[in-house]
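The two complexes that follow have chain A in common; it is paired with chain B in the first and with chain C in the second.
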Partner chain A sequence: MTPPVPAAPRSAPPFPRWAPWFFVAPWLLGFATFVAWPLGRSLVLSCLQTYGPGTTVYVGLANFRYLLHDELFWKALANTVRFTLGCVGVQLPVALGLALLLNRPSLRGRAWFRLVFFAPSLVGLAFAALLVALMFERRTGLVDAGLHSLFSSWDPDFPWLEQYVMTALILAAVWLYAGFNMVYFLAALQGVSPELLEAAAIDGAGPWQRFWHVTLPEIRPVAGLVVLMSVAGSFQLFELPYLMFNTTGDPAGPDNSALTVVMYLYQMGFLSGDLGYASAIGWVLAVLLISLALLQRWLARREEY
Partner chain B sequence: MPPANPPPRPRAAAARLLDLLVYALLTGCAVVTLVPFAWMVAAALKNQTDFFTSVFLPRGDGFLGVAWDHLTLDNFRRLLVELPIPRAIVNSVFLSAGLSLLATLFCAMGGYGLAKYPFRGRAVLTTLVLGAAILPPSLLLAPGFELVWRLGLLDSYAGFLLPGLTPAFGVFLFRQAMLNRVPAELIESARLDGCGELRIFFQLVLPLVRPMTGAFIILSFLGTWNNFIGPQLILQSAERQPLAVAMNNLRGVYGTDYGLVMAGTLVSIAPIMALFLLLQREFISGLTAGAVKG
Partner chain C sequence: MPARLRRLLTFGSPGVALIALLAAAAALILWLVPVAPREPTQFWIFAKQHQAVYRDLLVRWNRAHPGGHVEMSLVNGAVLDQRLLSGFLTGTPVADVMEVERSIAGRAFTGPIADVGFVDLTERLQAEGLLDGINRPSLSPWTSRGHIFGIPHDVHPVMLMYRADLVEAAGIDVRQIETWDDYFRVMAPLRQDLDGDGRVDRDLLNYSAADPYGTEVLLLQAGGAIFDAAERPCFDRPGNAAILARLATWLTGSHRVSRFADINTASGQQLIVDGLVVGVMAPDWLAGTFKQQIPGLAGKVRLMPLPAWQRGGRRTSVFGGTMLALAKTSRTPEVNWEFAKAIYLSREMATALYRSTCIISPFKANWSDPAYDEPDPYFRGQPVGRLYVGLAPHVPERTSSPFNMLATRRLANCLTALVAYAEDRRVDEPAALEAEAQRQLAAAQREFTALIARNVFLSAPP
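Then we have the complex of A and B:
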């Protein structure tokens, strides 16, 4: 090691100049190689048509022009948006509801409930797909068999994986991630000052008004972040439907009902071998997601003033 | 809602009723959450016939009306003796442990460098970290695969590990932790005492951010264990594939063998669940560190 530069008495010796660069070097190297370079390369790739990584043809903006009229891409985008809306509209209210129940001060066993609700989110989607696919099978699956034994009027041959694919995926997402988002909501709820709620109660606000006018504004920053994470995550949906339907020979599901944007990217890039078209899809997805993130930040800022 | 100043007794009764309702709702939700796990365990212990004739445990004359003697460990025996799943378990453990330890070291180093050294270029690098952290990973899928192919690293552990060693998100988390928990005076006085930069980092700074270190090791272990698309694209030979890929290949071959598939799923998620039960506090603080406190 180089000795530190002699310093004026009484002040701490300055750090050697190599030190900061030594500490950031691994990240910088990884970033340059596996983020910056591929990012630039994907801009180039999006103007190429490729047959596997070895053979490329320059096609200009043709990939993006084709994308605009590609019915499968629009189908994939529509499915992805439906799944996202389902997640935000169903799973997040469930998560918030669970958090509100758990936040009741007199509740005992809070840690146990939290543990149980959180557990499914640890199951990776590649493993969840194995379980969920069997759970939604006709007659033998847990969902049809269980509902039929609880309510005898339930059709034991309810075609979840044939006609209600998106509903099945959203239900699976509720099971998997409501408890995960609940952790964030609960942390935010525990930060709401009890004095504020008490003051509102003394002023005659009912529980609903207290929730709407005190609790919700207080947890809004965290709620905005949870919505954003949820949207970004839902937009990347791939493994769950892909692996659920992979064994049927068509991972996109019946009538492409389970096709998502990332699944289409994967199929185009790695099954059809066109890394160029896959990069174009990746850029459209990235632009969509980054605009959503900017929109959320803009909305959050506007609220502050 | 009753009018103001109700007599105390009915109010206490109402509160108790509400409590009861809350417990009932929470218990109901907990049962719904746990039932899929119970179904999976039951399916893993049944043979094919019993899988089709019973939802959970096979009915019979035994204790509680369950045919306990029908339950079998045969699915696990086939999985762990006849099929190459033990190899996949070893791969999963090796990849997850290796990646999480190295990634944590590199992220802690990066976060320390950015948080505690005023140097030219620091602002630019911090912006790059933030930018890289919000990139959707699917954007880098195609060019990343091409790069690994160019480097000649397809179908090697290195091809999978190297791109994952320096997640920007981790650098950001450690930068926050260093800013919050490591006082500059401590580092300066260590320097005054003639302590070298590396010793300061390893012996002074790392112990101060131990909670973050633990949480991040767990988080990256979990992420790697559950990663499917990375190993699916890069690790092509069966003997290098982790559980996420191996189990789905197995389902492709033995898809209708429900007991076997459920036994495999159980074996794949049980280690993660066990880790979680042991280290729940680190799990939850790791998840909320970036969002709520940061």
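Then we have the complex of A and C:
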């Protein structure tokens, strides 16, 4: 008969049991105060019409019902989707192209080019927006003045900021963020196994086939992340159009052509004082973004298996 | 050493000790930094020019009122806007006395009248006989549902500032001008291609469909409105479509006479300096801004009353505005009221304000101020103050609706859409654009009726 093995003496834990809670408490406190509580309150607020905490009326889902028939909300949503498609559709190929270019070992002055392409991301968004607005101004702006001096037939009063609002916004966003996304792609490209590329080359794959069948699958997780971040960022577009068009008296641009969902939320909440409706808009935007993130995750998982 | 204490001490790694030390040091510094004692009455303003004007008076006021000291703070307009609304909505502290710009004031009127955060001054103004002394239309933006919530700081009548040097060089006699049609006809020789590329470079009026304020100025001058006296939207009221149709022809087609030089940007101001725009709609404050910011135009510009929409019509409009308001939550209401009167009724203040900003007083008693008759060399010796004072009683009344800013932008959108329609169909005549203008305005009317109907506080009986 084997004598029972005595239990190992329990040593006292190095820290009291509550120690982890103590360490995460400041963050939890901050999260609860500045994220969880406001989120919960905004959900409640979306069912109210309010003028301060003392003057509220419960309106149920009236704010959401109104939103369904609100032409301006749909216009803002359409503008946001157009911007997102334009931005992601132009910006990501540009970012990937720049990354591929800078990933070539034979390229001289790579560090210099990296800085040049990344530099717009270092400029503050407010400053960049004003700069772009100045560049696109009629007659005195760099774009019109430059094109007119190059081609005398170019109209120096070409109305970029009046009739080509979305084009100007997308160009500005591409200039601002392509370099930033380029860095992500560059990091991913540097992780692509050279052995795989070499093996593909030995098997007779050309540059395009190597890119399509080796490089792209390898960087797909990073590409997915960049797409998700760009889509989320584009859906939250606010400062760029707000500052670009603010001096004209209407930050939403002519005929609301630069009005985005977040700008509309701001208009309703802080210009009309309708905080309940603004909260409803915020929640619809949140649901949209969560859906897009889930979709992206589902697509990524499907491709994994 | 007891095990409990020992365990507690094992907790203390150098990193934790450093964090604790830093926290203690920061707390100590914050505790030791002296906080300047605040005066019991706080006065917030957002315009730097006003600060310079009020400074001397404030020193004298504080000397004369040892128990009622007032402290003035210059606050950024956007910050003041947010602090004010937050204060009204959540009860955070706001100033006792404050200057509030028109676009901000309206937003304070969104809720029930009893919840407006400003003191209702109607009875005080009546009781002290001040109401009749104020230029009547200048009260309208600060009056909601029959209650006056502020003392007007200004009148802001609008005149037309024009390039007198160009006009004289072309031998044009501006005395022939009474209406807008006259203006565009008489000034037509100045509309020129200056660089020989076949395009007109110089236009006659600084105006754009994308400029909501310009459209509001012209609509009000023409007798149009987007809110009625009861602050209900009236985009589709008769007459608005005809005004909009006419404005569209100023902006496009063969009758085009306008180009936009944004007066808030250096490049826009440069276009005016370069003579690419002949006329600018100029309220009194803009005349002051031009004097300060564009010295290059000194002696090159003059003012004339706005051309009317028809013979015998209104020769002015109104643009911008500020009020002095008192906070309901203040603990010094009587000091606030006395200070408000001292600063706004004072002839000395009116003179100083005019001399530094060209802004004329809304108090009729101040209109006899000889400063208004002083010739101004910037405007070729015109008595600028007197010209604006002459138009002050004729400025149109305005709404105080909290939706006015959005509605004004919506009106500009109607005009933008109308201009696009005119360009698509190559329509040149106002009459041919009226039906489309009416359609655009009817859509705006529907939107704003629905938007305002949602507000249970505004639609509730008083």
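Convention: the second predicted complex is superposed on the first by the 282 of 305 C-alpha atoms of A that agree within 3 Å, B and C clash if a C-alpha of one lies under 4 Å from a C-alpha of the other, contacts with A are read in each partner's own complex, and residues count from 1 in each chain.
Criterion: contacts are C-beta pairs under 8 Å (C-beta built on N, C-alpha and C of every residue); 3 or more make two chains touch, one makes a residue touch a chain.
Just so it is clear, the structure is predicted and the values come from calculations on it, not from any experiment.
**Q** Should the superposition on chain A be reported as showing a clash between chain B and chain C, or a fit?
**A** In the arrangement built by aligning on chain A, the partners chain C and chain B clash.
**Q** Could you say whether A:193 touches chain B, chain C, both of them, or neither, answering first, second, both or neither?
**A** In the superposed model, A:193 contacts neither chain B nor chain C.
**Q** Which partner chains sit in contact with A:225 here, chain B, chain C, both or neither? Use first/second/both/neither.
**A** Only chain B is touched by A:225; chain C is not.
**Q** Is A:270 touching anything from chain B or chain C once the two structures are fitted on A? First, second, both or neither.
**A** Touch status of A:270: both partners.
**Q** Could you tell me if A:291 is touching chain B, chain C, both of them or neither one (first, second, both, neither)?
**A** neither
**Q** Quick check on the superposed pair: does A:134 touch chain B, chain C, both, or neither? Answer first, second, both or neither.
**A** After superposing on A, A:134 lies in contact with both chain B and chain C.
**Q** Under the stated touch criterion, which partner chain does A:209 make contact with: chain B (first), chain C (second), both, or neither?
**A** In the superposition, A:209 contacts neither chain B nor chain C.
**Q** Can you tell me whether chain B or chain C touches more residues on chain A?
**A** B
**Q** Superposing the two structures on chain A, identify the stretch of chain C from 21-29, 39-47, 57-65 or 75-83 that clashes with chain B.
**A** Among 21-29, 39-47, 57-65 or 75-83, the clash with chain B belongs to 75-83.
**Q** Across the two complexes, find the residues of chain A that touch chain B and also touch chain C.
**A** Touching chain B and chain C on chain A: residues 12, 15-16, 19, 53, 134, 140, 247, 270, 275.
**Q** Along chain B, where are the residues that touch chain A in the complex?
**A** The contact residues of chain B facing chain A are 1, 4, 15, 19, 22-23, 25-26, 29-30, 32-37, 39-40, 43, 51-52, 55, 105-107, 109-110, 112-114, 117, 119, 122, 125, 128-129, 132, 134-147, 149-150, 162-163, 165-166, 168, 171, 188-189, 191-192, 196-198, 201, 222, 225-229, 233, 243-245, 247-248, 251-252, 255, 258, 261-262, 264-265, 268-269, 272-273, 276-277, 280, 283-284, 287-288, 291-292.
**Q** Of all residues in chain A, which touch chain B in the complex?
**A** 1, 4, 12-13, 15-17, 19-24, 26-31, 33-35, 37-39, 41-42, 45, 53, 98, 101-102, 104, 106-107, 113-120, 122-127, 129-131, 134-135, 140, 142, 145-146, 149, 175, 179-180, 183-184, 187-188, 191, 204, 206-207, 222, 225, 229, 232, 235-236, 238-239, 243, 246-247, 262, 265-266, 269-270, 275, 278-279, 282-283, 285-286, 289-290, 293
**Q** Can you name the residues of chain A that touch chain C in the complex?
**A** Within the complex, chain A contacts chain C at residues 12, 14-16, 19, 49-55, 57, 59, 62, 66, 69, 71-72, 134, 137-141, 152, 155-157, 161-162, 247-250, 252-256, 267, 270-275, 277.
**Q** Contact residues on chain C for chain A in the complex?
**A** 3, 7-8, 10-11, 82, 85, 88-91, 107, 110-112, 115, 197, 199, 208-213, 259-260, 262, 264-265, 267, 270-271, 276, 402-403, 405-406, 409, 412-413, 416-417, 420, 447, 450-451, 454-457
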